[in-house]
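I am attaching a structure below and will ask some questions about it afterwards.
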């Protein structure tokens, strides 16, 4: 198999799949002496700057439309509502503290977790129950799903910024209410 | 914080996600590193906001008031210098500062996540993925366990059927045997053991012996009438029977 | 919008759409002076000979795996079927009572045996005729095949548990036993 043939095959495989494709799945189709990672790297290079790009996500690679085309594509492709700020914060807590119980989430945010928020995250398939904590009451533990990684274009959970890095510039990194942006964020929440 | 600032915060109170959210907002307003904020100043600002809300008789949820009470306690501890109470207060202040940092980090993480191109929002995967998998259902899933269960089930149902339709101990009468011999005679190829003419499905040995006796009697009766021939090679040997029509004559 | 930009947009649109994309849908996103048909034609040319090709389908165009690669991507998933209960019972009776005639099987099962069930077992090559019983009517005798042994992972028929080990007490022999076991059977069957 020539390199070009391997590239065609990888292209077809990743294009066809609804979910990210791992290097292992590709290597099963390639001759022994060919490196799947190298083929995928070459494929990524070929698609760089095009309307469709190869990105790493959820333990594999996936073709996705280029981000700069989103405003035009949204005119024809139906897009679900964005998650409200409350849901995003809850999701962030679950991502960083998983497996985590509902009382722990509420403790961190300093306020109750509404059914609506939980439903929205479950509905979007971003979180899932991960057993129960063996403490009195046996509360359900929550964690993120593989779809969480796919949706936010993360290779794995280690790609999340470290807590220390998040705290470095707390004011710049956070939505500042003084600047009026805060009230906008609040408006989308309610 | 001036009085007017506190008043404008009161008007926006329901925009905050609970007391901690307000505290974080106030802390950010101090515009310093969260590690260096003045908890005492923070407490006073929070209490000023709550006081302002009370003044205009804004109804506050319980958690706002619980936090206010706790912060008032914290303030009283922090104001007494060099005492065991102050130490207690400083520990509590540290806990509060840590919680604010945690919330701040989560806020930043949520913003970081929200800024990423989201699948289905900002970037799109293939709208019509192709499925190259094929399901092959030709093979059978067989295991000895299910074979055994099926066998037991069949045997048990047999019992149940019998229970619901109890079979009498049927004694095969000579009349029955005569009828059966008459019907089956035509299909006899050659000498056949008399036992082959016993009815199917005889259960107990008792029934079998009775049926054999009846069949022998019927055979003798028919042989006497000349319809069949009977033969026994030796004493207690099998009794053979065949149609009288056609075939080579042999000793009866 | 340059020609290259139009091509990127068309590529992303066709890729992200669930249904084939017509020239009209594309032209809604293009500047007035640009010919959507020409853009799609250029896109088809760009993908010619690649692992994924642009093909006409249902009043528009669509990406599709190159025909020569589809067989390589085909993945066959074996989902073994279960035998229907009736067939399994019949097979078990044949295994234990072979050689056995159809009326005998019916007698044991206490109900008629459909040709369909027999055909299914024959088709699966699990049973085979083993001559005829030399009784009036000369009914066919049935027995299991070597394939039966293979499918159940048995070396020979003696590897099956003995009847005595399965039916710890003779079922039909004593009437008093019948009543007891009958009700037990009712309990476990339903």
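Going by the order they are written in, the chains are A, B and C; count residues from 1 in each one.
One rule holds in what follows: a residue touches a chain if its C-beta (ideal position, glycine included) is under 8 Å from a C-beta of that chain, and two chains touch if they have at least 3 such contacts.
Computed from a predicted model, the values in this text were never measured in an experiment.
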Closest chain to global C-alpha mean, per-chain Cα centroids: B
Chain of greatest Cα-centre distance to chain C: A
Distance between the centres, which are taken as Cα means, of chain C and chain A, whole angstrom: 36
Whole-Å separation of chain centres (CA-atom averages), chain A against chain B: 30
Centre-to-centre distance between chain C and chain B (centres being mean Cα positions), rounded to whole Å: 22
Shared-contact residues (touching 2 or more other chains) in chain B: 124-127, 130, 132
Multi-chain contact sites of chain C, meaning residues that touch two or more partners: 12, 15-17, 63, 65, 70, 73
Residue numbers on chain B that touch chain C, as the complex places them: 124-128, 130, 132-144, 146-148, 150-163, 184, 187, 196, 200-201, 203
Chain C - residues contacting chain A, complex: 7-13, 15-17, 25, 28-29, 50-52, 63, 65-66, 69-70, 72-73
Chain A residues touching chain B - in the complex, by the definition given at the top: 15-18, 55, 57, 62-67, 70, 73, 77, 79-80, 82-83, 85-86, 88-89, 91-93, 95-96, 108-112, 150-154, 160-161, 163, 166-167, 170-171, 173-178, 182-183, 186
Interfacial residue positions of chain B with respect to chain A in the complex: 12, 15, 17-21, 23, 25, 28-29, 31, 33-34, 63, 99, 101-114, 116-127, 129-132
